[in-house]
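Labels for the chains are A, B, C and D, by order of writing; each one numbers its residues from 1.
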Amino acid sequence: MKKLLNVSRRDALKAGAAAVLAMPFVSRAWAQAVEINMLAWYGHGEPDMVGAFEAANNVKFKPKYYAGGDNMLALIAQSPPGTYDIILSDAEFVQQLNVAGLIEEMNAADYPFDDMIYDDFKQFPGHWKDGKLYSMMVRCGHLGVSYNTTAISEEEAKSYKCYWKPEIKGKVGHFDWHLPSLGQMSLLNGNGAKLWDVDEAGWGKIKETTMSLRPQVGGYFDYGGTFNGLKNGEMMAMAGIGDWITGVLEKDGAPVKSVVPVEGGIQWTESYSIGKGTAKADIVKKFIQYMLSPEGQAVSAQMAAYPGFAITNGGRKALNETNPKEAQRTGQMDGAPNDPVTLIKEGRIHYRDIPKQQTLEDWNDFWQEYKNA
Amino acid sequence: MTEPLVVFENVVKRFGNFEAVKQLNLNVHEGEFLALMGPSGCGKTTTLRMLAGLEEPSEGDIRLAGKSLVGVKPHERDTPMVWQSLALFPFLNARENVEFGLKMRGMDGVERKRKAFEWLERLGIGEFSERDVNSLSGGQRQRVALARALVTEPGILLLDEPLSALDANLVIRMQAVLTKLQRELGITFVYVTHSQSEAFAMADRVVIMSKGEISQIGTPRDIYRTPANRFVAEFVGRNNIFSGRVNKRGAIDTEAGTLHVDRKLPVGDFVSFVVAADLVAISLSKPKERNVIAAHLISEEFVGSMVTLFFEATGGTEIKVQAQERALEGILRTPGQLLYLSFNASSSHVLKY
Amino acid sequence: MKDDITTRWLLRIYTAVIFIFIFAPILASFVFSFNSDRFPTIPLGSFTWHWYVTAFSDSDVWSAAEVSILVALSSALLATAIGFSAAYTDHRYDFFGKKAFLVLALLPPTIPLVIFALATLGWLSIFGASGKVVSIIIAHTVLCVPFAMAVIRLRLNQMDPNLEPAAWNLGATEWMAMKSVVVPFTLPSIVAALCLTAAVSFDEFAVAWFVSGLNKTVPVIILEILTGNIDPQINAIGSVVFVVSISLVVIAQVLVMGRIKKPETV
Amino acid sequence: MSEHRSDNSAYALAWRLPMILWQGLFFIGPLIFMIAMSFFLVKNYRMEPALQVGNWTKTLSRGFFWDSYFLTLWLAGLAVIITTCVAFPASCFLAFRVSDLARRWAIFFLIIPFFTSYLVRIFAWQVILAQQGVINAGFSLFGIGPYTMLNTKFGTMIGYLTLCLPLAVILQTFSLANIDKRLVEAAHNLGCGRLRTIFTVVVPLAKTGLIVAAVFCFILSFGDFVAPYYLGGSKPPTLSIMIIDTSKSGQQWPRAAVVAIMMIVTMLVVALTAIGYAYRKRR
């Protein structure tokens, strides 16, 4: 290692500084820091998110990353109880976690419900059961049409129909998870607020619409692939994602953008739960409190892996103070035309949910079939 | 009377369905040099390996100094062996190779080193004691192997074709080394070889084996002069073999003519007898002997002062004659020439039939 | 053999192209690891240590390295020990079911890693042994045994079959002969097998990914970066891993070459 | 040959048993468990032991399973053909036209890739092959392109070649170098043209090695998920991607097991047939 880092003096200094900075951190982590096992989407356990908290509390997060709620349930199911101390799940899967008895009850008084930016968020579906709190919403974001501005105009991007644009044949990508992509197809079919609640006929139509997109499709990607595909110009449009991907690229200077089209958009929502049987409930609670504090919310909104919206007034304020540019870009300013809260209020945003009349398995099976078509 | 040093009693060795050794009965006496000889696959090596414990007999008993060896592990016997491949340990130097047996017996380092060196000296390779065995010559390696086997001062030494990889000159030299050692140490040598010259040059007694059975046991001279059967006679090779039916007068009608032996044989029987090549006389004119064969000279072969002449008699019988070069003076020897061969009836030896 | 110059040169160039193809990604990864662009293209960006600094100031990478080293060493030791015993058994013994024995010993590399990973995860979780460092060690040992066995078996092939009997003949028990003859003789191949299996384990990702749970190895971190926040840290980590692995291989190779140079004529 | 070869002493068993126990417990055990698992039931994302054929009927009755099956077979077959053909001239060169020392070095260099992370190499290819990647940037200097190479079957093939080519060249070189060169010269002397010599003398003599190399290529590409995923855009997914998908989303381990068993059976059939063919005519 040392030899590799010894070439130019300035670089050596830089590397040395980094090593010095890292070493106490590393050695402390190895010494006696309490380890917190976290199950989350990619990025939540990275230093930009948890570094400050780790340093202040002498803890060390050990993250296991997943992609997609089904994947998360699968990972939990195959681990012994108590493996994960803290679970970041998509809001629509909280209910399943709860039914399966995988998460602890939480005390509502511990968290800043009064400061929530939008009333819905206080009583998010599935987070409460029989008046008891089981999960704490921490951030959210919107999914819509994500596109390369050199291939699709702003006008075209106002509808999901732009995926079928002949010029981008073979350059439409999918985020490899059935819920967001099929949800978008449901919206395109005009199901609006009932996008998850479709009968057999409606489900058949969704499948039909989706299949008609197949010739346009250039690939199915995980988080990294999605990111890569849009950035290096392999994909001109990506279904099933939103600003959480394009935001990172936009900040990096790529000509990509996400908008909520006229058919409506989908909101992804992430919530923290405390793993059943954990011995570290107190420090986990403290961490969730931190993430909901103005400081934590500002960090979360600017998460390096993918950005999200702050969901407390305090968090929004903190973001505006620390990074007004980002606040402006994402519309997180009171009165902005693309203020996420405004979009929700206008009825253009629907919370992501699980299928009501079909099982997840039905959707997943179709997704497999679609990929193999 | 005390029992011989080694006794093989009705020993049978099978490999699957193949009987490598059949009903072997053999005694090896203390202090003798015994050679086991035979063509490959005759069971001689298997016999030796059974003595070393590398094979267990399928049936019968082997006793060493009166104690049965059946079930005794190789390392519990004191029967060191010199291997055809030498089997020196390539990762040890010459001295360490010699020390091996002492080390296994738990002898302490200093004593071990001293003894090993002593033996290397004794065999004349003391100066190579720290050399890597791979860097030694064939003869030197041979001596290391000997020293390694003898350093534990055993009562018996087994040798499995130890000289077969050496060139002719070296073989003669090593034969001298071996016989001298055996005489000095006074221990028993059991020597397996397929080479007649090695066996005859060194052994007190020779055991000829064929197809898992003993064909003959005897001194080299016995075996040479009076082979027990046709196999031995042919294997020994320096014999002329004649076959034919006994006629009314008691002589034998062979393809080379009617010949006489000094034994009464039943009329009409088909018999074979041998005449050693060095007991056949050659003359230019027909001698007044009872056994005379006219034959054409085919070729001759020199080994030192000895000449072997190859003749073809009538009926195509090949006859070998061995003589001192000096004894042949005055006899013209051009290939194709007709000469008269003769031998005394008492020089013949009738084979079992 | 007569050979016109054109064919000769065509073949040379062709072979060179094949080697370029094989080494392109390896070299590219080295170059990219020092390149400032996140998505390198021509012309290249400026020189930077940034990706190394980022990667190696991440404590996750360090703990993954710790796990990887622990796993590589343990499975190399286990696999070499088991591989040695299997090679020795094959070399010396014949017994009922020997063919099945050999099939069992050599089959693992023919099963796709994904399948083996799936099966292992299911199997180990019955015993509650999944998601632990020891699970990776177990699975990697299974994968490495055939390699260790093959290397050691080749060496045993060169051993005079009388060497071991010679030791017994000189008073060594079977165990003593093993210690003082077989092991010293096969030592170069044992070291080579250790290096080889350690390197195999150090690079394996599919099985480690499935069974590792929270105990990530370095390749699992690489896989996670690849599926997650793709960036040239991969190249930096990969380059360092490469240097480590290749040192192991070179050690193994030197031992093997050393043996070729100094032939043991029985 | 000797008595000791078939003994069952404690010593013999001490060397025989470790491998049997370890590989039996941790290799055969998992595979058998996987077969059992394919009959299990999944309820609420948890597996429950059961004996029902639903997973088999459900998986095997899907059209897309078979599409994917034949696609994987086709891709792996294509990879075998391409690898074999691409490697062969280079192997001939290394086997017949260079010194022993040069060959040893070449083999050494061919071993190096096995010790670099396959993932890292694939990532490098991603960057090299991208629309704005190194190759297309090179093309643009000549005013051509850009060509789409990533997320195509071409990309998948590049990945398979990355995986198989070094091994194929090594194995082919070994088998070719073992041919008795006098036979080749004899063929030349008998007036056999160079190409004809290769196909009538060299290939039949090296057949076993060539087939073994091909079988390894098949096994590697048939089971690989990285190349079709990261370079082929899983479009459409191969069986190994399907295994990961089914196990990842929906916790359908039993169905993944079904796919896995189908893969193992296929591979064993292909490998045994090929190996049988490779060794049969030699006798």
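Annotations
Note that in this section contacts are C-beta pairs under 8 Å (C-beta built on N, C-alpha and C of every residue); 3 or more make two chains touch, one makes a residue touch a chain.
Only a predicted model underlies this, so the values are computations on that prediction, with no experimental measurement involved.
The pair of chains sharing the greatest count of C-beta contacts is C-D. Comparing per-chain C-alpha centres with the mean over every protein C-alpha atom, the closest match is chain C.
With chains reduced to the mean position of their C-alpha atoms, the one farthest from chain C is B.
Averaged Cα coordinates give chain A a centre that lies 38 Å from the centre of chain C.
Rounded to whole angstrom, the centroid-to-centroid distance between chain C and chain D, based on C-alpha atoms, equals 17 Å. Taking the mean of the C-alpha atoms as each chain's centre, chain B and chain D sit 59 Å apart.
Chain B and chain C, compared by their mean Cα positions, are separated by 54 Å.
Chain C has residues 39, 174, 226, 230 in contact with two or more other chains. Across the assembly, chain A contributes 67, 78, 225, 228, 232 as residues in contact with two or more other chains. Among all residues of chain B, those that touch two or more other chains are 54.
Residues 44-47, 62-65, 67-68, 126, 130-133, 148, 150-151, 230, 232-237, 242, 245-252 of chain D touch chain A in their complex. The touching residues of chain A, when paired with chain C in their complex, are 1, 4-5, 11, 14-15, 18-19, 21-22, 25-26, 29-30, 37, 42-43, 45-47, 60, 62-65, 67, 78-80, 83, 222-225, 227-228, 231-232, 252, 304-305.
Chain D contributes residues 4-9, 11-12, 14-16, 18-20, 22-24, 26-31, 33-34, 37, 86-87, 89-90, 92-94, 96-97, 104, 108-125, 127-128, 130, 132-134, 136-138, 141, 161-162, 165-166, 169, 184-185, 188, 194, 219, 222-225, 230, 240, 243-244, 247, 253, 256-257, 260, 263-264, 267-268, 271 to its touches with chain C in the complex.
Looking at the complex, you find that chain C touches chain A at residues 38-39, 48-49, 52-53, 56-60, 62-63, 66, 121, 125, 128, 130-131, 213-214, 224-230, 240, 243.
Remark: chain C residues 1-3, 7-8, 11-12, 14-15, 18-19, 21-26, 28-29, 32, 39-43, 78, 81-83, 85-86, 88-89, 92-95, 101, 104-105, 107-116, 118-120, 122-124, 126, 138-139, 141-142, 145, 149, 174-175, 199, 203, 205-206, 219, 222-223, 226, 230, 234-235, 237-238, 241-242, 245-246, 248-249, 253, 257 touch chain D in the complex.
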